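Got a structure here, written out as structure tokens. Questions coming.
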Amino acid sequence: MSDPVYRVIEVVGTSEESVSKAIDNAIARAASTLRHLGWFEVAQVRGSIEDGKAKRYQVTVKVGFTLE
Amino acid sequence: MSDPVYRVIEVVGTSEESVSKAIDNAIARAASTLRHLGWFEVAQVRGSIEDGKAKRYQVTVKVGFTLE
Amino acid sequence: MSDPVYRVIEVVGTSEESVSKAIDNAIARAASTLRHLGWFEVAQVRGSIEDGKAKRYQVTVKVGFTLE
Amino acid sequence: MSDPVYRVIEVVGTSEESVSKAIDNAIARAASTLRHLGWFEVAQVRGSIEDGKAKRYQVTVKVGFTLE
Amino acid sequence: MSDPVYRVIEVVGTSEESVSKAIDNAIARAASTLRHLGWFEVAQVRGSIEDGKAKRYQVTVKVGFTLE
Amino acid sequence: MSDPVYRVIEVVGTSEESVSKAIDNAIARAASTLRHLGWFEVAQVRGSIEDGKAKRYQVTVKVGFTLE
Amino acid sequence: MSDPVYRVIEVVGTSEESVSKAIDNAIARAASTLRHLGWFEVAQVRGSIEDGKAKRYQVTVKVGFTLE
Amino acid sequence: MSDPVYRVIEVVGTSEESVSKAIDNAIARAASTLRHLGWFEVAQVRGSIEDGKAKRYQVTVKVGFTLE
Amino acid sequence: MSDPVYRVIEVVGTSEESVSKAIDNAIARAASTLRHLGWFEVAQVRGSIEDGKAKRYQVTVKVGFTLE
Amino acid sequence: MSDPVYRVIEVVGTSEESVSKAIDNAIARAASTLRHLGWFEVAQVRGSIEDGKAKRYQVTVKVGFTLE
Amino acid sequence: MSDPVYRVIEVVGTSEESVSKAIDNAIARAASTLRHLGWFEVAQVRGSIEDGKAKRYQVTVKVGFTLE
Amino acid sequence: MSDPVYRVIEVVGTSEESVSKAIDNAIARAASTLRHLGWFEVAQVRGSIEDGKAKRYQVTVKVGFTLE
């Protein structure tokens, strides 16, 4: 059997709730069009501010998946 | 109308509860003296330990705001 | 009295629940064999994916403690 | 309505004229096959030299776009 | 005479024209409220995209000035 | 003729034999679905350990190719 | 009582004597207008050269202080 | 069953033969006193030179293992 | 025929006009004493400020050339 | 004879006197429990401030030693 | 006797065979015009691709040597 | 008059006394063969250890000078 090869893509998930939800959104979106997602890594956490409060978290996530 | 210009400052929010609360505290404090806050970016997450547990989260946040 | 000296070690805590729980696990495990833990710093947040969802968070934490 | 999710890809635009033209070329090329481009970030500026002069600028640009 | 001390602040200039104009705007805005600006350093070049073209350059500039 | 534009993608090749074979696998896999591959750059070398030995090398490679 | 919040500013101290004196100058100057300074971190050490000798050390120091 | 926790240590393996052999030596040495080694990551590749040739490769490897 | 080997040197070009002109100056100066210049990479863009305006751009450029 | 293998640990030395003394303290403490220390590298210089003055230098030092 | 001083230069070795051969070529070329080479450090590994295969490895190596 | 152009070289000064002396040695050595040295920047501070003490500081310094 051949050696596994993976691809890594960069996705930015967002959420008004939390950093975790933003990560979840990024992964869920990637999973809607790609199969065999294997791991993720958080590259950056930022967000918008409105009325002196964090309004929307924007989390850049690298997602790795197996190439068939 | 002239081109917008922003300033970015570095604030460390802390919280005994969670990383999110520390971020909120940093932004809220900045908002108490500055107007037109627009975005933030997490630069570092650290904290103190007491009795073998995370005691207080210290989150360094860069905060951007419009210069009028 | 002599000047304090610290050591810093790198621990990866994991959790299926949240990033915070993974940090807590890393610190708790370090505390089970080391005394005088003083601070921590998050170095990396990553995790495994299963069925299109974050399955297990893996958080690399640097932990500092006083050398007696 | 669901939370927006973005993807970020890396494109290298080139130009014999200027760094700006190389950036424009990278964005224009990305726009020819992708919709909803939202932002870019310059990651690297380099180029080839011929006859003791900059011959062609090669600018690596990260381009973010909304995933529908 | 005492040794000079400087402060460094972070400003984001923007322009629809060019990266250079964005830098100029950042410096001009800083100069409108601060005296003795001495040097700058470009920290990041990014921008928004509209209709498949760079719409507005956003250049993060560190600006140093003498503290009197 | 128009200015060439390239895209850069991130691929992780693996091999039980060597780092070089892992790089080759990454490039070969990319070449199986993409044309005009032009260059690569090694971003990270890691691997799994079994029985006290390197079991499988995992090499993250950035691969650049011409966009037609 | 509310959670402490800090601010971090960047100051460049200089000295013809030594790196340490340049750090001291940066902190002393910050202390002349700000209260509750708590910690510093050296970000860069550079300097000018005259007649083949280090003429003036320029040390960039990040200084953190409590926001009241 | 509790969540796994890992530790990461830094080891420098050396070899007069090759970079690969230096990595192997680092892992083998770690394996001689630690159990449950799981993964490694190459942090730096350097070496000494003698008579105009690479004499000994020195490869810094981060090694992760399960804490029981 | 033997494998090509290159050297990379660091040059700082300056210009009162523009960043591009500063890059050109760096390359032209390198070309006045070195042959076979092949490529360049921008490492840093900074400059001096006078009267609230960018006075002189200082661009650090890495220049690669073939060793014969 | 087998190829030497080294380990690298991270130690934070502190001193109210100077950065040098803090480095010395870190090395001396490491030497009190480890043999065959070979080299060190300064990773970070920071410190606490009291009464507008550097109170205690905290220098993070990586220390390498031979594994027997 | 005076304290040794070293210089560090950046050389890119290439090879169609392997990364190791590219490193060797870089060092051998440096050794042909410089004496007292002492150590090297790999800064970057990249290469060209032809027909879906690594064609030529290009390894950037920093080489240190004693100044007499 | 033409725009000044500078070159930057990397030198490692060493000293058994102190970090400062190592910097001075690097600059003095560079000054013995180069004219118009203008500035330096410390890139790395490391050293050898003997008998549980810092034996010789090795400080990597980037030195900039005007090209005539």
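Odds and ends about this structure:
Every chain is named by a letter (A, B, C, D, E, F, G, H, I, J, K and L) in the order it is written, and numbering of its residues begins at 1.
The rule we apply is simple: contacts are C-beta pairs under 8 Å (C-beta built on N, C-alpha and C of every residue); 3 or more make two chains touch, one makes a residue touch a chain.
All values derive from a computational prediction rather than experimental measurement.
In terms of the stated touch criterion, the partners common to chain F and chain J are H, listed by label.
Residue numbering shows that chain C and chain H use the same positions for less than half of their mutual interface.
Using the average of C-alpha coordinates as each chain's centre, J ends up farthest from chain D. The copies chain B and chain H differ by a rotation of 120 degrees on their C-alpha atoms, rounded to the nearest 5.
When you average the Cα atoms of each chain and compare centres, the chain farthest from chain A turns out to be L.
By residue number, over half of the touching pairs seen at G-L are also found at E-I, the match among B-E, E-I or C-H. As a whole-number value, the distance joining the C-alpha centres of chain G and chain H reads 38 Å. Distance from the chain A centre to the chain F centre is 22 Å, each centre being the mean of its Cα atoms. The mean-CA centres of chain F and chain K are about 22 angstrom from one another, to the nearest whole unit. Residue numbers of chain I whose C-beta contacts span two or more other chains: 9, 19. The set of touching chain pairs reads A-B, A-C, A-D, A-F, B-C, B-E, B-G, C-H, C-J, D-E, D-F, D-I, E-G, E-I, F-H, F-K, G-J, G-L, H-J, H-K, I-K, I-L, J-L, K-L, using the touch definition from the header.
Chain contact summary for the complex, chain E toward chain I: residues 19-20, 23-24, 27-28, 30-32, 37-42, 63.
Residues 18-19, 44-49, 51-54 of chain J touch chain G in their complex. The part of chain G that touches chain E in the complex is made up of residues 9-16, 21-22, 25-26, 29, 56, 60. Partner chain L is touched in their complex by these residues of chain K: 2-9, 62, 64, 67.
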